[in-house]
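Report on the following structure.
By letter and in written order, the chains are A, B, C and D; residue numbering begins at 1 in each of them.
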Amino acid sequence: MPPPAARFPAPLRGVVPPLCTPLTPAGEVDTRSLRALVEHQLVAGVHGLFAVGSTGEAAHLSDAQRRTTIRTVAEAAGGRAPVLAGVIDTSTARVLDQARAAADAGADALVATAPFYATTHPAETEDHFRRVRAGVDLPLFAYDIPSAVHTKLAARTVGALAADGTLAGLKDSSGDLGALRRLLVGLRAEGVDSSFSVLTGSELTVDGALLAGAHGVVPGLGNVDPAGYLRLYEAARTGRWTEAAEEQDRLAELFGIIEAGAGAEMSHGASALGAFKAALGLLGVIESPATAAPQAALDGTAVASVREALKRAGLL
Amino acid sequence: MPPPAARFPAPLRGVVPPLCTPLTPAGEVDTRSLRALVEHQLVAGVHGLFAVGSTGEAAHLSDAQRRTTIRTVAEAAGGRAPVLAGVIDTSTARVLDQARAAADAGADALVATAPFYATTHPAETEDHFRRVRAGVDLPLFAYDIPSAVHTKLAARTVGALAADGTLAGLKDSSGDLGALRRLLVGLRAEGVDSSFSVLTGSELTVDGALLAGAHGVVPGLGNVDPAGYLRLYEAARTGRWTEAAEEQDRLAELFGIIEAGAGAEMSHGASALGAFKAALGLLGVIESPATAAPQAALDGTAVASVREALKRAGLL
Amino acid sequence: MPPPAARFPAPLRGVVPPLCTPLTPAGEVDTRSLRALVEHQLVAGVHGLFAVGSTGEAAHLSDAQRRTTIRTVAEAAGGRAPVLAGVIDTSTARVLDQARAAADAGADALVATAPFYATTHPAETEDHFRRVRAGVDLPLFAYDIPSAVHTKLAARTVGALAADGTLAGLKDSSGDLGALRRLLVGLRAEGVDSSFSVLTGSELTVDGALLAGAHGVVPGLGNVDPAGYLRLYEAARTGRWTEAAEEQDRLAELFGIIEAGAGAEMSHGASALGAFKAALGLLGVIESPATAAPQAALDGTAVASVREALKRAGLL
Amino acid sequence: MPPPAARFPAPLRGVVPPLCTPLTPAGEVDTRSLRALVEHQLVAGVHGLFAVGSTGEAAHLSDAQRRTTIRTVAEAAGGRAPVLAGVIDTSTARVLDQARAAADAGADALVATAPFYATTHPAETEDHFRRVRAGVDLPLFAYDIPSAVHTKLAARTVGALAADGTLAGLKDSSGDLGALRRLLVGLRAEGVDSSFSVLTGSELTVDGALLAGAHGVVPGLGNVDPAGYLRLYEAARTGRWTEAAEEQDRLAELFGIIEAGAGAEMSHGASALGAFKAALGLLGVIESPATAAPQAALDGTAVASVREALKRAGLL
């Protein structure tokens, strides 16, 4: 069992990359590459690590692979940064099983979505988070990701769960910065902003989200360029907003690699995750760019376009 | 290990209810009630049993609860009807784990959806089904349920997987009978309709679906009134279409119980499943109408409305 | 002013094709071809004509073109069949203007959707239909077409407007035959089915819809093969359901022409409407297959595929 | 005919409120109130006026009401600020008719959406904008509003139409600031940012949008508090980002008035527009808070909540 982060920060602030899960060509978790990726992030100075989130291909990994991933990340982090673990499953009983396994594997905090597959009413969603928090004694983040879950967390739900301490924070991957603004204004009016952490998962509007009062960012692209997100965060933290925006612009251009697979018979997700992993391979961080089945692989032309983008961004 | 159905019918025809999963008030699988429900169905003459589908609250059950449910159904069926088991999970590796567990628990066939949470391209979806079929040697049905999965299976995907024998059949819960018509016409043109089973999951258009050439039906409402669906199926099978439509009309009126919870702070699913279970309780088939967390429960007024509907339908 | 249909039938029954609007290559209404199309339909024995609906490219026609179309159809019909006119616009004031123009141009009945662009609450939608009916004294049909309007008419809304005589009928293009079944059962329970006309716009499930009690069909494909839909309707009307289903299967295969443009840089609508018009051109009914801007045109290969389909269907 | 704005600014920058359309209780355009609203805006220093957009209830106004509105605004502006006019209609021919009428009524520029009701392919959408621009010789803005139109303008489409001068700008009401960021980065890379105006329609993320390089904002809430948006814009323009964010926070709280009608039988739109108009009434700018049929009206309690919000915001 790895040593836990001494105390989980409240609120959690900064750059918390949602780690890719490196795989072998045969589809198993490549723990050596995963350790290297953790080191790549910690050296850059990230403030936390998010394992088996959507970027970590949680939906495509077996329970055993998820456990291996969380344990490997927790051991590699060794208490140098808190480890958040996704507990992605369809509803309460299943999320609780994921949560227990993640706690056993060394997670410092949990990240859960609303139920999906079977849609719930906001009152049921609220009950869901309370039950998950009551079942496993770790800080719990709500993960608002309508593109995957097909409902958006209501501001009222998040507000109630923040006010009574059920939730330690929110990872907002809704892309709806206007709604996030209203939530932040509401949390401040309620006086719960000092302990509740609001993290944006939208990697192209981090400057705006921080300007609006968000505490940090969970950027998929941060796998590839953690230093860029650290510079962006530091510029924002110290009020150098123009610099923050310039760094964000640079990262927005690099983000174009997610379309490497456009036109091929593959999903947007397979293209984006394939591009992140191809980049990590080209940067020498991980061994293989393999993504989990049934996602299609990027072809050579696509990988070449990733290489060119890395060069333009000054990373290669 | 229960005895397997001697030979899985190809194509599977008839009424195959998606069983509710009776629970104790504490939320555990009530195996005694589940056995009684199986008997309730077999006595009525159903042609198969579908365990841990959406109506079985698969999304809300833990892996252990799913296994208990499948094993109980398989044992209670004792080879008198084939047992199909849902293997509902987000993607290939996870579905394969579900499939192995279902096979171990005694399932005669498996029912899998396309990947969800992370959306796949049709080519990736096709690969997904091939991998699931290759991994566990049981007949495999595709489960087309856009309301839960948020994509619709393409006719081309189903056609390809039917033609090469990957799939033994389709459970169509899309509600799109026009698309089903085109699929059936296409399957006949390809000559694959003699072994491939097309079952509709839309309990209000069974007469039309059978008239269009579907082989059977997987009706959630069949939990409550299996005899009604058997009469409907038999009328259709023997060309008495007006009688079939009249029976369908009667069942369509009874189906109104799914709105027992309208206006309450609960999901449509919780209302519908709560009503099915309340009806099974009122009919003396199961002990408790409890649904799985975090679904809200029907109140007394709602249950009273279910009782009235059962009386109007001649079931009480 | 053309002579009106002596008395508008209540309920309207039978086959009511939504007429294509033939255009010249320059994009103007080709009134000569339109008259020929009306004759093509009346000779086949249709029970009504629906001008400037979605199949008539209402969304792409100017007000002047809509008026020309309705007037031409009404004159060509000459009282031999009632003429329904679409009054497609975003909200009440605009629909009322369309309704007045349609009445002036000779329409016998009007077909209106719920407001779109700005979404309305069901109570507002109900008010909308009441205002339209009060403003222009013609029978009013509600047009339920979620693919265009992005809301579905609630059964409660339709029921209330049927019960008090605001609506003369419903054109259901939702594709949701299960919901239509429940509506029909409800209307019969309320005793309003004897005057209220329920027409399905789903051309592939006409047999099932008629079996469920629908009064008729508004089939886009009926432009091309009205005789097929008449045979289907007559078979159903006289209880020969197997024959009805066989005719429906034949039409379902012919319906494949809507995919003539698949793969090209054009919308599904442009492909489907282009195919209907190409077929009407190949059959010698209309002059030009032109569709309205900005819809792309089918290429030669696509038109050749339409020709082959017509041959297979025995129409060429 | 009013005097035109001497030269339409390229790019248009600043605060361009989408004007509410004041109505009499009988539902006619209240031109006196409309003139007062224009004055209210010009006194505050706005950089342009947008008439008959979504906030102007374009979808609910007849053609005659739209013309009256545009003419009144153009006359009241008297060349002191450019007047953009919405030309909201379902497709090309109809938008062209709207565009000619708007030009006749004195508009300085036009704002058009992609076709709706009948969905178009991106290539057809591009053709649509080219035809509209070719048909009426006024600067043309694309209006990206997926909540109304149900498609999102592709970055490729906007980029192509910006590069060749078809479009003078974009009003982005998609709420997707990440996509806007990528568009802005792309426009700069193409060198077309110096003449093409990017305006955000998201009133709660103006600080972030301006930080990302947007040229201005079209805020519905600006009807009520134009001075607030002017302060926000000026703070951002001069690099005082923390002040900009504070002003944005204040406006985000005021924006809560859009939920005045929550729980009532009315649409979100009717609640929001009713609240803006109630506020303008309470501020003494317009006579009546009436919204166009079939939108439901706010009740007294709702109006009282608007009054309280205005007081908290220091406007009353």
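By definition in this document, contacts are C-beta pairs under 8 Å (C-beta built on N, C-alpha and C of every residue); 3 or more make two chains touch, one makes a residue touch a chain.
The structure displayed is predicted, hence computed values, not measured ones.
Asker: What are the chains that chain B and chain C both touch?
Answerer: Under the touch definition, chain B and chain C have no mutual neighbours whatsoever.
Asker: Farthest from chain A in C-alpha centre terms, which chain would that be?
Answerer: Relative to chain A, the chain whose C-alpha centre sits farthest away is C.
Asker: If you average the CA atoms of chain A and of chain D, how many Å lie between those two points?
Answerer: Computed value for the inter-centroid distance: 35 Å.
Asker: Distance from the CA centroid of chain B to that of chain D, rounded to the nearest Å?
Answerer: Going by mean C-alpha positions, chain B sits 49 Å from chain D.
Asker: Touching two or more other chains, which residues of chain A qualify?
Answerer: Residue numbers touching two or more other chains: none in chain A.
Asker: Which two-chain combinations qualify as touching?
Answerer: All chain pairs meeting the touch criterion are A-B, A-D, B-C, C-D.
Asker: If we count contacts the way the header does, which residues on chain A are in touch with chain B in the complex?
Answerer: The contact residues of chain A facing chain B are 27, 54, 57-63, 65, 88-94, 96-97, 115-125, 127-128, 131, 148-150, 265-270, 292-296.
Asker: Which chain B residues qualify as touching chain C in the complex?
Answerer: Those residues of chain B that touch chain C are 175-179, 181-182, 184-185, 189, 202-205, 207-209, 211-213, 239, 241-242, 244-245, 248-249, 252-253, 255-256.
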